[in-house]
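One chain, subunit A, appears in both complexes that follow, with subunit B as partner in the first and subunit C in the second.
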Partner chain A sequence: MLIIGELINTSRKAIREAVENKDGEYIKQIAKAQFEAGANYIDVNCGTRVYDEVEIMEWLVNLVQEAVEAPLCIDSPNPLAIEKGLSLAKYGQPMINSITAEKERYEQILPLVQKYKAKVVALCMDDTGMPETADDRMRVVRTLHQNLTAAGVPEDDIYFDPLVKPVSTGDNAGLEVLETVDLITKQYPNVHKVCGLSNISYGLPNRKVLNQLFMVQTMTMGMDSYILDPLDKTMMGFVYGSQALLGKDPYCMNYLTVHRNGLYA
Partner chain B sequence: MLIIGELINTSRKAIREAVENKDGEYIKQIAKAQFEAGANYIDVNCGTRVYDEVEIMEWLVNLVQEAVEAPLCIDSPNPLAIEKGLSLAKYGQPMINSITAEKERYEQILPLVQKYKAKVVALCMDDTGMPETADDRMRVVRTLHQNLTAAGVPEDDIYFDPLVKPVSTGDNAGLEVLETVDLITKQYPNVHKVCGLSNISYGLPNRKVLNQLFMVQTMTMGMDSYILDPLDKTMMGFVYGSQALLGKDPYCMNYLTVHRNGLYA
Partner chain C sequence: MAEFNKMSEMVIAGDFAGVKALTQKMIDDQVDPISIINDGLMPGMNVVGVRFKAGDMFVPEVMMSAKAMAAGIELVKPLIAESNMPTAGKVLVGTVKGDLHDIGKKLVNMMLESAGFQIIDLGVDIAPAKFVEAVKEHKPDVVGMSALLTTTMLSMKDTIDALKEEGLRDRVKVIIGGAPVTQSFAEQIGADGYAPDAAAATDLCKQLTAN
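Coming up: the complex of A and B.
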């Protein structure tokens, strides 16, 4: 299980304000807290800073690495910001969020994956637009899997993101993702699967509960990485509990450890 | 989704005491509370009363039916207690918990299923003992499915219970159940699947959390009925939330209704 801490994102009010106020201590504190709560990677996303994104990426990446020796997930629509982040990342293997099967995006991001030997989130989207069904998503998975492996990217570095859409806009939105995860797990057992969770609950009440449930559901189908808030103790408790119930935690050792450390208190 | 309220069971201290004190009001109150909380069936189990089980079954069944016009799940190791309960059940189609593929048990229970046109929980167990793997369970499922349908029991009345064992006694205990549910769903799409949840967490801390997570996991694989405590608001909230995310709640109407009624408050 790979947990990518999602909190350092300028679309979040607290981070936006910290960036505006040059409050580096807050950024470092959030990076440290996520790492201590169990995040394996720290996501850095300042995509809302259209005019100074590259500069802000540099500032954030350096701060995060002052706080924790954690690998980073460099998350941006802008290849220049991604390259800036990758060029500064110094702990472990960096991750790029994300490549797609859109021609322009693919050609911009692939060289960065190769140059930095990065892990890469591969979003199930191509030039035909957002996918609806599991079939739509698997068509993109096949294309990306073929092209990325042909380009020398190890399967273990590929993290397919099925692209989660709100169940409020279509009853089958969750089901199509679950089916996609199942199909990827069976057809490509050596790649990883990742997603964010908050889209699923958009437009509905009790979003945290729905996000937690969708985490459990997707993990049951084989999802093995999440971009989430590791400071949500309920969510993290569910991650470890689900792992134990799925036979992925020998003798429930991790589960018992986080229990003793008070995660379920 | 079919919810069987599990609380009226003399293995529970409060019910044991109510039976000993002939506190019928408490029994009626628990029956009513479960029904109002969303239970479709009320389970009645006094299997711990070895010497007067038939008499206590009669007392409990009559009380429950004074409190609510709900169908009953008559739950006992003793065919005489089951027949007593069935003979008194007067609302809707009764349910028997349970038949197995053990020769003696099968021959005792089948005539009751037929006579009372009852729904029946079919436990994945035969004379070779408790199952370990999904294969063990599917062997029993095939036998029971063949024999029950040949005996005229409609598939819609059959509820296979994969028999949940503690994950603390074997890392794969949960996984084997999940695989069984998946296989039954694919091979026998017209039967139902049911289970109790508390066995899974036996011997581990935070049992409620693990039971809730295992409910979400099994439902993701196609489980469509549970024997559970409907007064556990978190559990019931997870039932409705999971249903919505699985596309089984058109326009999330049930989810929104229970939300408005304060289930998640």
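Coming up: the complex of A and C.
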């Protein structure tokens, strides 16, 4: 299980303000809190800084690494910002979020995956647009799996993101993702699967509850990594509990450890 | 008329079959088709818009209401000469070049259509030249651009610049939206407005076309 802490993202108000005010201490504090709460990777996304993204990426990456010795997930559609983040990442194996099967994006990102031997989030999307069904997604999975492995990317470094869409705009949006995760697990047992959780609940009340339930449902189908807010104790409690119940936590050791550390208190 | 109120209630409740049956009944009773739209269907959808904005109704309910309203419109439309069809204005929409996201745009379309706007949806990955061409062809009141990626949102500026070069900028209002887009970005690139969600986009179009 890989938990990618999602909080350092300039589309969030608190981070946007910290960047604007050059409040490095806040960034460090959030990095540290996420790491201590169980995040394995710290996501860094400053894509909303259209005109100075590369510069801000450098600032954020350096701050995060002053605070924690954690590997980073460099999150941007901009290859220049990704390269800047990767070139500075110094702890463990960095991760790129994300590559897609869109021709231009694929050609821009692949060299970075190879150069930095990075893990990579592979988004189930190609030049035909957003996928609707599990079949649409599996078509992209096949293409990306074939191309990435042929390019020398180890299966263990590939994290397929099925692309979660809101259930409020399509009744089967959740089901299509669950089916995709199941198919990937069966057809490509050596790759990983990852997703964010907030898209599923867009347009509906009680979003946190739906996000938590969708985490449990996707994990049951074989999802093994999440981009989430590790400071959400209820969510993290469900992550550890769900892992134990699915036989992914030998002797329930992680579950018991987080219990002793007061996660469920 | 009590039947108009009933129709509005059915639109609010998303009662697809009910709206369809009542519209047919009103047509059979020789009710003015334009009045069916303006006094029955539209007032219902207006309530939906207000409740959605207030957080009392949610996206799936709005979709059901829009579908119910569309069922009524479909029946009355053939009875109204095209030039007499009540319309709040014409909006040309598209996701910008290099960007394939369309969920947000679909919601905006649905809300706008329900508010009486005529929508021309160009689709996704629309280059500035295509927007320009479509503006010439369709002569919309408003052009709405969507972008979900920080790398593609700059194409919004290219489109606005292209409209300027072609001398079309003064003939249309330009509005933008999408997750990375902000009010200040709209101002920077010379758009007429920014909307954070579908309900706001509808209000914005109403405001811009009223002037």
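Criterion: the second predicted complex is superposed on the first by the 265 of 265 C-alpha atoms of A that agree within 3 Å, B and C clash if a C-alpha of one lies under 4 Å from a C-alpha of the other, contacts with A are read in each partner's own complex, and residues count from 1 in each chain.
The criterion applied here is as follows: a contact is a pair of C-beta atoms (placed from the backbone, for glycine too) under 8 Å apart; a residue touches a chain by one contact, two chains touch by 3 or more.
Quantities reported herein were computed from a predicted structural model and do not represent experimental measurements.
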TODO: Return first, second, both or neither, reflecting whether A:250 touches subunit B, subunit C, both chains, or no partner chain.
DONE: first
- [ ] Spot which of subunit B and subunit C makes contact with more residues of subunit A, would you?
- [x] B
TODO: Classify the contacts of A:178 with the two partner chains as first (subunit B alone), second (subunit C alone), both, or neither.
DONE: first
Open item on the list: So in the superposed three-chain picture, is A:168 touching just subunit B, just subunit C, both, or none of them (first/second/both/neither)?
Closed with: both
Open item on the list: Contact-wise, after the overlay, does A:214 reach subunit B, subunit C, both or neither (first, second, both, neither)?
Closed with: first
Open item on the list: Looking at A:237 after the superposition, I want to know if it touches subunit B, subunit C, both of them or none. Which is it: first, second, both, neither?
Closed with: first
Open item on the list: Between subunit B and subunit C, whom does A:259 touch in the aligned arrangement: first, second, both, or neither?
Closed with: first
Task: Contacts of A:205 with subunit B and subunit C, given as first, second, both or neither - done: both
Task: Shared subunit A contacts, counted only where both subunit B and subunit C touch the same residue - done: 168, 204-205
Open item on the list: For a test of understanding, state which residues of subunit B touch subunit A in their complex under the given definition.
Closed with: 167-168, 171-175, 178, 200, 204-206, 209-210, 213-214, 216-217, 220-221, 237-238, 241-242, 244-247, 249-252, 255-256, 259, 264
Task: subunit A contact footprint on subunit C (complex, rising order) - done: 55, 58-60, 63, 98, 100-103, 106-107, 124, 149-154, 179-180, 182, 185
Open item on the list: Under the definition above, what is the set of subunit A residues touching subunit C in their complex?
Closed with: 11, 47-50, 53, 76-78, 102, 104, 125, 127, 129-130, 165-166, 168-169, 202-205
